[in-house]
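What follows is a group of structures, each given as structure tokens.
Here chain A shows up in two complexes: once beside chain B, once beside chain C.
Let's look at the complex of A and B:
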């Protein structure tokens, strides 16, 4: 079977714009969680977020695209530019129909959509942007990346909420295996506006703690919900042999295994499908749990979900059987961008042989039996990583 | 009554920039009066957006069938300045 390897990374994260800035901040344990400034949170119970700051869209986005793109799409286009640049590939030498785009989305470009709905209701239909017709749409990041880089091969968008970044990469691998030599994948999301905020609050799982250092403490006895952030990562998957043929300068790693499961209905009392998904992904990679050197956790930060995840991990690896980390404690959960950022983080971890830390959690709850990497990075030279993610039900 | 609107090329290029941006390699401050919107990098959606802005800013209505034939800045300005309908008060 054709190996799908990652040859380019582009990161737009709250704690770093660009791959190296993000990675440096992540190893240093620099959290970007802070009181939300994008809009007035006075009437909302949750007030901490991971905002991408310092992104000047005009420096990255052509003038013609500015009126027709949401903040989310601008971040995605910038990350895609970085990821494609990182591959060193000259796209003009590759066939247009041999390049595809598969990204993840959650609610679409809700900030753009909210602004145009406000225009509609407060001023009238004449004031609604013609670009609302597609700028809000779930598939807009995929579409704009595809148009900008003239990638006409198999493309799509996956909407599986916070698991989307992994599902997109899994689907991209499928396209590579079916004969598309290069697929741009991952996910970048941004919903830090009232319309994006309210549905997260309605989940009942968002932290209402106002201290940014205490708001998101997955696997801790003080776990109190999660914090939402914006951003994500774009990754470029290539067929290993065609990457080699074009003289790819770097291979970050291989997407060796992928699996997804559905949870049983709560009334059945059966356990979540997370462990089965992990087992299937490890088997798909031709490995056993002993071959996994680090687990990037979903880290919901909600006690019952943390417990379920810890049970899945210890069930597979044994108590304290594998290092577990959640660098997303520095960014918040990035919706459709979160698992994609974990993919990029895991690949950087393999590149440099170091596991980035989980911040703000001093010790995990002992009952979970996790070997959580806290405080400092750990130099254990990992060769393979397992990334877990779950959608909100 | 006749429309009192006078829209200049400078007004139009400003609105084009605001509504739809400026294509790389195109200079809207150059001699663009007779260059087709297509060659200036504006597609139909961009034109829809800029026509919307013109109508809002000048309080005029530009009939769809007339807009369909205005494929250059000169033709659009002529349309705006001659048959732009000012909605009657009341």
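Let's look at the complex of A and C:
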């Protein structure tokens, strides 16, 4: 079967705009978590976030698109430009129906939506933007990327919250395997506005700790919820042979295995599907757990969820059986962008043979039995990475 | 955190880390460096030392071949004019329109004041008080439809590996009704930008992330395989089924609970369609508001509803003696990469999707015996897809009967594609083609056979259903009569 390889990365992360800036910051353990500045948080119990700073939309987005795009879509368009540029491919040489776009979304373009809801309810329906019908909705990033790059092939949009980035990449791989030579995938999300903030407070899982270095401590005995960030990554998947044929200069890695599971209803008392998903993905890649060199964890930062994830990892790999890391401690959880950024981070880790660290967690809770990479990056030359994510449903 | 009285009961938060469902989904992805070199070069592209097997392996190590076929074995629907598949089909075959003046809110400020609303009572539909409180209207539709489909299929899920059952739900705008209702509360009627978390209901996050709808459906069935919400605007209902088909074909699952749901009839939806004049201003005779292919058509009519089907791998459905309504024989999706809301009159990308679906089904264009059109009733759409049919089917386009059920049940955005597939499956089952209601004055520009006003008795062996969506999405799906291909 055709191998789906990643030939381009575009990163828009709180701790780095652009792939190399992000990677440098990540290896240096530079966290972007800080008190939120996008709006006044004085009234809210949660105040720490991972904001993408220094993004000047006008430098990346045609003026025509400005009134019809949310911050989220602008970040996604920029990341897509970078990822496509990174491939070195001349898209005019590829068949227009041979290029597709599959992205993930969670809450849509929430800030755009809030503004138009406000216009409707405070002023009246005449004040609602003519762009509202598509600017806020879940499919907007795929639609705008496909239009901008004239990609007319099989496309899609998947909503599975934090897991969306990986579902999108898994689906993009399907398209590549079925004969679409190039598929743009991943996810970029941004919901740092009050109407995006309040639902997360209502979830009861967002950290209320005000010290940015203590707010998000997955696998720690001090774990106290998660911090939300914005951004994500766009990746370009290509059919290995067609990439070779066009003379692609670089391949970051192959998407070798993918699987998804659904937890049973809480009332059933049946076990979580976490470990089963891992087993299926490893089997799909034709590997065994011994072939996995690093695990990029979901790292919810919520004790019961951390415990479940640790149990799945140790159940599969043994106690301290595999290095585990969570670079998202530097960015916060990015909703639909999170798993996509983890995919990009894992590919960079494979490229440079180094595992980036988990920051702010000094020692993981001993009971979890995890070999968590903390402090310095680890030069263990990993050749395969396993990325895990979950929805917070 | 304290709840503050908002004129009714205080809205307390759930306990931190407690009182909620556990995480609903886990996914893994493996990225592997192609060779030992730090940077990939041509020479190390061949290298992954994967065990080679002449037969490709699925996620559970099972053999995957392209021969796995997909059967529709159960149907469920919540539609305007009727809850349940039987009532839905009666409405369609009677050629009755269920569009009416909007009753859910005061529509008087809006240019378009009609919609196809469901008379849905969650209690008599069998939902528990907990489900009614927890679920958005769209999720309620989905759960009720899923139960109907499961019962209809006769599938005994207890005898199956729950990990081999997946869920795929389409929705364009998710839990928009609940979100708008809650927005009005926490923003004090739109007065506060810094909306008030103390008035937020505990369910708010579940409404914010619509994948919870897939979780609810999975829980109804006991499905523990992959679960996702597919959201490609108005093609979501077709694309969610297409996604499900791919999962069965590749061998990741054997059964999919798949379909789509939408409950978009709310002020914000009306406002945003008003703003671009997508919805019709024909308010005077609500039941005549949606007029696909008619010279006087002036826009779509918003609808709501859900349709969920049970899809099974063909051979296992046959083995258990399941009733098979139809086979999903082909599916393709394309993007027009043209405009977020506009369509090219020549229908090039839709034709491309139709061609690709035919190719996948290994069928010739002249095998098509009925087309369930997107037929939204906008000036632009009906021209666009007429162009697409001619492009793909050539002369056969003039012979094949075509209709739009949106003339009767409106356009329920992400749900409509699945509702239309249920209509197609029933058309095959009963040998009856639903009509296009309200088609009294044919548009001379649109010169195909659009089955005006009354249903037509005719056995179609191959049925095409198409959809177009904001974002530039174009999808096509082919169903075949089981007897015709066995």
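The definition used in the following text is that the second predicted complex is superposed on the first by the 393 of 393 C-alpha atoms of A that agree within 3 Å, B and C clash if a C-alpha of one lies under 4 Å from a C-alpha of the other, contacts with A are read in each partner's own complex, and residues count from 1 in each chain.
Simple rule for what comes next: a residue touches a chain if its C-beta (ideal position, glycine included) is under 8 Å from a C-beta of that chain, and two chains touch if they have at least 3 such contacts.
In this text, all values refer to a predicted model and were calculated from it rather than measured experimentally.
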{"item": "Simultaneous placement of chain C and chain B on chain A, clash or fit", "value": "fit"}
{"item": "First, second, both or neither for A:66, with chain B first and chain C second", "value": "first"}
{"item": "Chain touching more of chain A, residue-wise (chain B, chain C)", "value": "C"}
{"item": "First, second, both or neither for A:225, with chain B first and chain C second", "value": "second"}
{"item": "First, second, both or neither for A:306, with chain B first and chain C second", "value": "neither"}
{"item": "First, second, both or neither for A:189, with chain B first and chain C second", "value": "neither"}
{"item": "Which of chain B and chain C A:371 touches, first, second, both or neither", "value": "neither"}
{"item": "Partner chain(s) touched by A:133 [first = chain B, second = chain C, both, neither]", "value": "both"}
{"item": "Three-chain overlay, closest Cα atoms of chain B and chain C, distance in Å", "value": "6"}
{"item": "Residues of chain A at both interfaces, chain B in one complex, chain C in the other", "value": "68, 129-130, 133"}
{"item": "Touch list for chain A against partner chain B, complex", "value": "62-68, 126-127, 129-131, 133"}
{"item": "Interfacial residue positions of chain C with respect to chain A in the complex", "value": "1, 13-34, 36, 38-40, 42, 45, 48, 50-51, 53, 56-61, 109-110, 162-163, 166-167, 172-174, 180, 183-184, 186-187, 189-197, 200-212, 214-215, 218-219, 222-233, 239, 243, 246, 250, 252, 267-268, 270-276, 278, 332-341, 349, 352, 469-473"}
{"item": "Interface residues, chain B side, partner chain A - complex", "value": "17-24, 41, 45-46, 48-49, 52, 55-56"}
